Amino acid sequence: MYSFRNDYSEIAHKNILDALSKYASEQNVGYGLDSHSSNARKLIRKQIDRDIDVDVRFLIGGTSCNKIVISHVLRPFEAVIAATTGHINVHEAGAIEASGHKVITVPSHNGKLLPADITKVVHEHVDEHMVVPKMVYISNATETGSIYTKAELTAISKVCHVHNLILYVDGARLGAALTAIGNDLTINDIAQLTDLFYIGGTKNGTLFGEALVIVNDDLKNNFRHSIKQNGGMLAKGFITGIQFEALFTDDLFFKLAKHANEVANILKNKLTDLNVEFFASSSTNQQFINLDNNIITRLLEKYDFEIWNKGNTSSAIRLVTSWATPIEAVDEFINDLKAILNK
Amino acid sequence: MYSFRNDYSEIAHKNILDALSKYASEQNVGYGLDSHSSNARKLIRKQIDRDIDVDVRFLIGGTSCNKIVISHVLRPFEAVIAATTGHINVHEAGAIEASGHKVITVPSHNGKLLPADITKVVHEHVDEHMVVPKMVYISNATETGSIYTKAELTAISKVCHVHNLILYVDGARLGAALTAIGNDLTINDIAQLTDLFYIGGTKNGTLFGEALVIVNDDLKNNFRHSIKQNGGMLAKGFITGIQFEALFTDDLFFKLAKHANEVANILKNKLTDLNVEFFASSSTNQQFINLDNNIITRLLEKYDFEIWNKGNTSSAIRLVTSWATPIEAVDEFINDLKAILNK
Amino acid sequence: MYSFRNDYSEIAHKNILDALSKYASEQNVGYGLDSHSSNARKLIRKQIDRDIDVDVRFLIGGTSCNKIVISHVLRPFEAVIAATTGHINVHEAGAIEASGHKVITVPSHNGKLLPADITKVVHEHVDEHMVVPKMVYISNATETGSIYTKAELTAISKVCHVHNLILYVDGARLGAALTAIGNDLTINDIAQLTDLFYIGGTKNGTLFGEALVIVNDDLKNNFRHSIKQNGGMLAKGFITGIQFEALFTDDLFFKLAKHANEVANILKNKLTDLNVEFFASSSTNQQFINLDNNIITRLLEKYDFEIWNKGNTSSAIRLVTSWATPIEAVDEFINDLKAILNK
Amino acid sequence: MYSFRNDYSEIAHKNILDALSKYASEQNVGYGLDSHSSNARKLIRKQIDRDIDVDVRFLIGGTSCNKIVISHVLRPFEAVIAATTGHINVHEAGAIEASGHKVITVPSHNGKLLPADITKVVHEHVDEHMVVPKMVYISNATETGSIYTKAELTAISKVCHVHNLILYVDGARLGAALTAIGNDLTINDIAQLTDLFYIGGTKNGTLFGEALVIVNDDLKNNFRHSIKQNGGMLAKGFITGIQFEALFTDDLFFKLAKHANEVANILKNKLTDLNVEFFASSSTNQQFINLDNNIITRLLEKYDFEIWNKGNTSSAIRLVTSWATPIEAVDEFINDLKAILNK
């Protein structure tokens, strides 16, 4: 039974585990004030290569990071704009609302936001009977595997600038985005164009952990208070630090993401060869296809994956590859599917 | 430089790291729905050995656990009673209030609550102009290293029962409490006497992670919603599961805590021999002593520890031992202190 | 300059002001525990004429009432379903989200919800990564002036019962609904079919104040705590009590609402005679029509009203009548409009 | 039966009711954007007579005002310092905590705060494991009837300035404070020394309503959003405007408060003559005395008042006078007490 269910099925990449073993008997101060966290911060800053300083905060997971950022940045009557497909809208059990903030939804264009939709929301919120739109939340790669081009992100950044909106990028799969075919964004571009973004570790080889990069100076103060208050401050913060040290050594972050994309691309090409219909257009490590329900049932005997959009006769399924996915798993899956399809 | 700063200075006990390495290439489902979490749950249930079922939820840390529990259990106008020294009162950056709930403080008696103080709070809160006291929060071992006896916990449990209050035990250092000299409580007793409690991993050998035990049936429903909403649900939940499997195999949980206590006891006895004044009476792995500030300054050249209560000429310091503290570290510390004291 | 801007432009109906004057020198206990509030409660219970007891709570305004109800009823991870046009969704400055709860929107059918949309939401929220839909919010009359029939409300009530959802009716304009042409609901029906609803005073002749009727026993306890905590408990609660005593004496509540509807109906018929296009179909005291922008500009010289939906060449305007609107105001408006239209 | 229970037992002063009757048929725009509110704002600004602009916002009650101010001003991890006796600490059903903020208590010195206690709190809150003290809440007159002198308020203002704390005065009984014997503060002084304060109407002759004065420019933006979101925006805001117009015409505000104080002072002197023991030292319209419980029981046959501090044999009672209290009521009470005491 091989699982294409997600990109967080295995504990962690060997380099991560090796690093933890290496420092197993070392004593470190707690709460992220250790030298490993400090060093990891430097490696990430170097990767971003900006002339002005950015803050880097290591957090434990995506929902926690999104909740802390939004809780920290917004005042009570301010709201965040997201696509209907945005992770904060549906899949975080109301975490944003629990922090007191409305999520204003705009249509999803294959997971992405259009600048015009942002402007429209701003124009609709005119007085004190409505919330004040103050932040734009996007994810890159998006929840459906698509990525923003430099032109697209620049356009969104501009509209945010015009309307005094904070731009925040959920980078749970930022590695996948930055190493995708067709990507023309660098991590430096993202730091230039946004106010804050996070670099996902959980879905790219770590045990857990995300690195939040705060670019906008106004958002930096007291951020550790917000982490602590939201239960996101790990006592052994150095464990996250050690992991990100390893992840940003020898380009491991990019290598792992690239592998996931490459395997996904092979899968995509072979599915195309089989004339399978795609449910969404993705250039990253999530591929969405439509299959008859009886075919899905037969595949589930040998593979694990998520049924994304259930229909009466056919459904969309999601196939996720990761840093850990062997090409053989894809080959076998394709062979089995081919057999089922009688091709 | 040896650190007595806390009991979470080292990554994790060897058994924990070995378990993670052992399962490094295994695929698991996410969010705590894996077989390791399930097995760890069984091991903890077996340890508790209760005839009725308890729920076990694996969480990432103490503040997160406290916040989730209180947010889940209380209605908006309900409040939690804690000692002034209680962790939720001062050291969680307002996490409980951020969830909307007042922390009503009562005097600390060497870190512990007295039943009479609970009754007094209940009697003072008479109408709708005041919050409704609904939960009692205690920690065992307490923040100052003391422990509850079975008689004391039974008395608190009774007063909670009389006034329809939920009793919750913060067990960040439950291992230390249960293996302390003078302890007469078992983990089964705690399950009999309380509504929920957590078994601390972070301060007893894991990378991170606490096991919340929900005894009271009324509090079980939708608990996973509360975990998710508060950002406490780890994608790779199986990592916590694997750690607690190891911790509750071959009594590792108790062995590690016992070691920490034993080393602390040696330290305590030798400090007593040196006629050092104790700031608090502790039978667990935290020892608090008063020293002249110039002596503290000299000790800090070679040791790391927390200054707990700063005075102009003398201060209280906290010395914490752990599962990882070698007896040699204590011997050396005592010798150095003796030399400084010219004894 | 006559204002059709809303139904809360005048201080209060004469009977209300007279009642206040009558009791001006009387001393009363505070916080709604006075005899006037008690008597008003009895009058409302009598009006409802149910064999089981209902609680009646006097609140200060619609947003406050909605916020208190939802905060009181829902647990943190539970959400409320509303039409996109629902007052709580857009026009309460995020009050519901500020209390921690997501508003799940479904399509508006002329301001009303369809049972099938409720079922769909329930089916979509399957696990702990999503909020739990637990309440349905409807308004009657709706924000666009339409009303629910007994069959429609019964169908919604049934679907709520099936899915264990609390049904709450925002009755800011309940008087208008119950006295509208085509209405077949009684206040007793509403009490039979819902868990709680409020009887609006502000938009039907009082200075301020709404009477919340809590039918469902499970929702009654500690409600006064929720009122107080949300800042909704008036020190001089007897002022609200006195007003509702007057409002439910000699059917004043119904007479005032009926007058507003009758004037609106005359307006509607005359607008129909003028072949003016209606923006929404309303049988109550709000009428929505489309007019060319230049016509609107000319009308605004002499009348005040809200531009509901602004277009480049034509817009929808809202004309609201009230208990205080003289028929002459409608006649004059129609004459002026006729002149502008050259008819 | 005469009530000394509180200063909000009667509907409203005649001038207030007359003003409402006068404008009964007038149409006004809603939500406080009317000309009466605007005029009342001007009258209050004139009263304050400051060379820089202040914002004036009309709110519905004390708890609502406190909740809105604190919710508006503080970021999530920031806390407010108050005396243990402060209204926000005990008597608002957790309203402040429900908005997410901790109330840090300091000792009450006859209802007042000492600057040294504020400094101590600031020094104790050193890192991100604790909340950030950011606001100081005081009431004037205090909950026990005492008042701040100009020197005392200046000292608190200075310590707030030093530590970058917002100073907020709850003026539910500001009229009583400003007209008390021994008072040397003007309303202008208060505006000079604080960031925001409110001028209480409810306890000084209005039906309801408080006028919040925002002095600090940084706190002004979006305040109406905070009012609306917290359910504190009255549809018929002009009703509050009309009341404050009347209250700040011909010094009514000061005359009413002065009357309450004068009657209280007569009561105080006569109680002193009777050698009754005072529970607290008050120069305003609340007097607190200790009496044997059997004497209290007899007084309760003819008078209503609050038992403030219940003891086994004797208790403290609170006697409150108001703008509406006739001197005769005091005389009669004293005569009756004298008779009971056999003096």
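The chains carry the letters A, B, C and D, assigned in the order they are written, with residues numbered from 1 in each.
Here, a contact is a pair of C-beta atoms (placed from the backbone, for glycine too) under 8 Å apart; a residue touches a chain by one contact, two chains touch by 3 or more.
These numbers come from a predicted model, not from an experiment.
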- prompt: Which angle of rotation, from 0 to 180°, maps the CA atoms of chain C onto the equivalent atoms of chain D, to the nearest 5?
  reply: 180
Query: Which one of the chains is farthest from chain A, going by Cα centres?
result: D
Statement: Between A-B and A-C, more contacting C-beta pairs sit at A-B
Centroid distance [mean C-alpha coordinates] between chain B and chain A, Å: 33
Message: I'd like to verify one number: the distance from the centre of chain B to the centre of chain C, where each centre is the average of its C-alpha atoms, in whole angstrom.
response: 51
Task: Using mean C-alpha positions as chain centres, tell me how far chain A is from chain C in Å, no decimals.
output: 43
Statement: Residues of chain A that touch at least two other chains are 76-77, 92-94, 98-100, 128-129, 131, 225, 228-229, 233
Field: Residue numbers on chain B that touch chain D, as the complex places them
entry: 76-77, 79, 90-94, 97-103, 128-131
- request: Could you pull out which chain A residues touch chain B in their complex?
  value: 2-3, 5-6, 8-12, 14, 17, 20-21, 23-30, 60-68, 92-95, 98, 202-203, 207-208, 225, 228-236, 238-239, 242, 304, 324
Field: Residue ranges of chain A in contact with chain D within the complex
entry: 31, 71-72, 75-77, 99-100, 128-129, 131-132, 222, 224-229, 233
